[in-house]
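Next come two complexes built around subunit A: one with subunit B, the other with subunit C.
Showing the complex of A and B:
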């Protein structure tokens, strides 16, 4: 493997007494689409801001291309950021916004205009160059912000929840634009988001952060199917978690013994919602009893929510046809079952 | 809030009448041929304007006032903007005290401020000079400039300056290409308003002006001699100048707000 483009080594960041990022080790490869994901306050944005030089690590080193850049001020780095608020300059028109980076770097007037126009064309914004920012739609602003960041042809682009202000249908479209752009340019994208669907649909690798530390790094599928900790399993969502002590391949649970293919000791298992079957009559094999609460239409199916007698929430994903068969009503009891192959084991 | 009650309207009308009637009267009598302000009016005349503006000391006072107003507006807007930016950009201990001090001068009784200024300026040998009046007026006007600039800086997207750094602008470049253009309407507005504050100001100027009288000080000196319709003429000119500056300040702020 070649040298990474970016390396965080034992990076700590404190704000007063608050520890935002602790002991972070992370390599970012050239040309990859990396998503930093986690709940708010997990340190993902601080990590991104340290990369851009907007925050300084309290200790540890950050290198870009092998050079330590801890003390390099933001304007001497080439780490353009697409802001959550977009931060377009309201007193400049579209093309003036796009050429700002070139102007600050002393590129001559004709050259920077040409390069800005090229990027506007690339972002489907031809004809908008003299518009004011407040005359643009949300999607157009987004593309102006992208053009403004890419005009200096950087090695990497940082994105801080750039799609959070857009309507749902635009989000999907912009996800396509971003993935294609990243593949075409072949540059590194570091993408901060709290949205699982954004991270999993676009990124090559996903970093899950919690409480200032990395919980898990992996390809989307790895994280989705094989969460390493309860935190990741819960954050990724639509997972059911069951814990207990295992002896002889059986875990003791409040619902009776459940087969778990692991060595003796304490363990937790994860059963993804889309692998849970719902039935009115007790099926063969492992099954637990739970009370139906409500259902929710999700993009991929319908999520049914249940409560077990010990008060835990369980989720099962069903199709519309299955829902029509079951006709569940709030308060009715059902059996939830799964294939033993669907069980993912986490060890503490 | 659709229909302000009829009573409310009457009250509002009465209020404005109460405030503006004396000014309007002064305006009307400045064009009235009679020596004393009595009804019915005499005939229309511009005689009082002609007489007032043929006096060299009036022109001298106007010149003084213009110099003081121009210098005050530039200096106090500069200081006011710098203070507001410090507040916007940095967090530090005693910031609340710093802000309170910066906003304090207009709350002081003018007589006290005037006396203190006189004492202090004569210590440093500046009393009776235009520079002395300018210093006193800068103290008075800076908080207004600061308030206007703060208002504008409060509207800025906090990421905007960092975005400029991120795109390769150093601190000064970001100030020049992002903060100043963003604040331009507020800065122009502050220039107008502080000029108006200085141009109108009487009490402090009266204490520190000595022989270099500004317009309001000169008006009082003419008044002390006798009641003269020339005062109405000069007053009308002063009022229109100040109103123009204040309205310009308002328009600059509101025009920018509309498309944001």
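Showing the complex of A and C:
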């Protein structure tokens, strides 16, 4: 593997007594689409802002292209960021906004106008160049912000929850625009989001952060199917978690013994909602009894919510046809079962 | 359509205070002032008439035009000076202080208004006097004594005393209202701190900065305390000319001509300033 474009080494960031990021080690490769994902307050935005020089690490080093950049002020870095609020200049028109970075770098008037117009064309904004920012729709503003950040042809682009202000249908469209753009340009995208669907649908690698530290790094599918901690399992996807002591391949649970392919000791297992089968009659093999609470339409299927006798919530994803067969009523008891292959052990 | 009538009454009621105020304290006096410029003064008494003598006698004399350009020039200078002097303080208040510290500082800026401006002008007379503390301090390093009172300098000290707090308040409000992400975005796109100031902070705060300067201009243009008590009233400003005109032979109609000229000038300057503050692009 080649040298990483960015390397965080033991980076700490404190705000007063609050630790925003602790002991962060992270490599970002050239040309990858990396998503930093986590609940609010997990340190993902602080990490991004340290990369852009908008925050100073309390300790540790950040390198870009092998050079330590801790003390390089933001305007000497080539790390354009797309703000959540977009931060377009309201006193400049569209093309003046896009030109801004080139103007600050001393590019001549004709050249910067040409380059800005090229990017406006690329972003489907031809004809909008003299519009004021407040005359644009949300999606158009989004594309102006992208053009403004990319006009200087940076090695990487930082994005801080850029789609959170858009309508749902525009979010899907902009996801497509962003992934295509990243592949075409071949540059690094570092994308901060709290949205699973955004991170998993766009990123090559996803970094899950919690309480200022990295919980897990991996390809979307790896994380989705193989969460390493309870935190990740609860944050990502729709997972059911079961914990207990394992002896001879069987875990003791409140629902009776459950086969778990791991060594003796305490362990936690995850069974994804879409791997759980629901039936009225007890099936062969492992099954637990649970009371039906409610169902929720989730686009790809229907999520049924259950409560086990020990008070834990269980989720099972079923198809519309399956739901029609089951006809569940609130308060009715069902059997939840899964194939042994569906079990993911978190403590190995 | 049926709802339009009650709605209009409703709107009118809410606008009434402003309409009454503007009518009673601005439009009616202004109309009276305008009418008065055509009146006659005979035996120290005004008589309603329609003569153009007041206009001819006032605008035909160089003393009016000297005073006019002096007053205009000083007010423009005070507007610019106050804006420049106030800016570092406003910038610090807006960007380097927390919300509560800023509120406290802005409140402190209002405190000077608790005392009459006349009293503050008297204080400057003592401070700036030939034997006052400023000259005494300069004397210890072998400078002076300087004559600071009864000069353009003295008047300017008075003007700035009058307008600086207000300009700082205007500027601070407009600077503090700038979206911080705009400033960060400018740096992120390669703008050095100096260029951030020129290319982002000044244009983003344009409205408040221009309005601050405009208020400084308006207050200075109509101030008579500073030129009278600190500026030595010679050469006279328009305000001093008004006082002189009314004192000598009860020439209220001619004073009204001067006042109308001042109002016309203020309208022109305010219109230009508002255009600069709100209109156009950049």
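The rule is simple: the second predicted complex is superposed on the first by the 347 of 348 C-alpha atoms of A that agree within 3 Å, B and C clash if a C-alpha of one lies under 4 Å from a C-alpha of the other, contacts with A are read in each partner's own complex, and residues count from 1 in each chain.
Note that in this section contacts are C-beta pairs under 8 Å (C-beta built on N, C-alpha and C of every residue); 3 or more make two chains touch, one makes a residue touch a chain.
Only a predicted model underlies this, so the values are computations on that prediction, with no experimental measurement involved.
Because the two structures share subunit A, they can be overlaid on it, and in that overlay subunit B clashes with subunit C. Legend: residue contacts after superposition of the two complexes on their common chain; A:93 is shown touching subunit C, with no touch to subunit B.
Of the two partner chains placed by superposition, A:298 touches none, neither subunit B nor subunit C.
In the superposed model, A:252 makes contact with neither subunit B nor subunit C. In the superposition on chain A, A:54 contacts both subunit B and subunit C. After overlaying the two complexes on the shared chain, residue contacts for A:134 are found with subunit B alone; subunit C is out of touch. Counting contacts by the rule stated earlier, residues 52, 54, 73-75, 79-81, 83, 85, 87, 89-92, 100-101, 103-105, 132, 148-149, 152 of subunit A appear in both its interface with subunit B and its interface with subunit C. Subunit C meets subunit A in the complex at residues 179, 181-182, 184-193, 195, 199-200, 203-204, 206, 281-282.
Contact residues of subunit A toward subunit C in the complex are 52, 54, 73-75, 79-81, 83, 85, 87, 89-93, 100-101, 103-105, 132, 148-149, 152.
Taken together, the subunit A residues at the contact with subunit B in this complex read 52-54, 73-75, 78-81, 83-85, 87, 89-92, 100-101, 103-105, 132, 134, 148-149, 152.
Subunit B contributes residues 157, 159-160, 162-170, 173-174, 177-178, 181-182, 184, 259-260 to its touches with subunit A in the complex.
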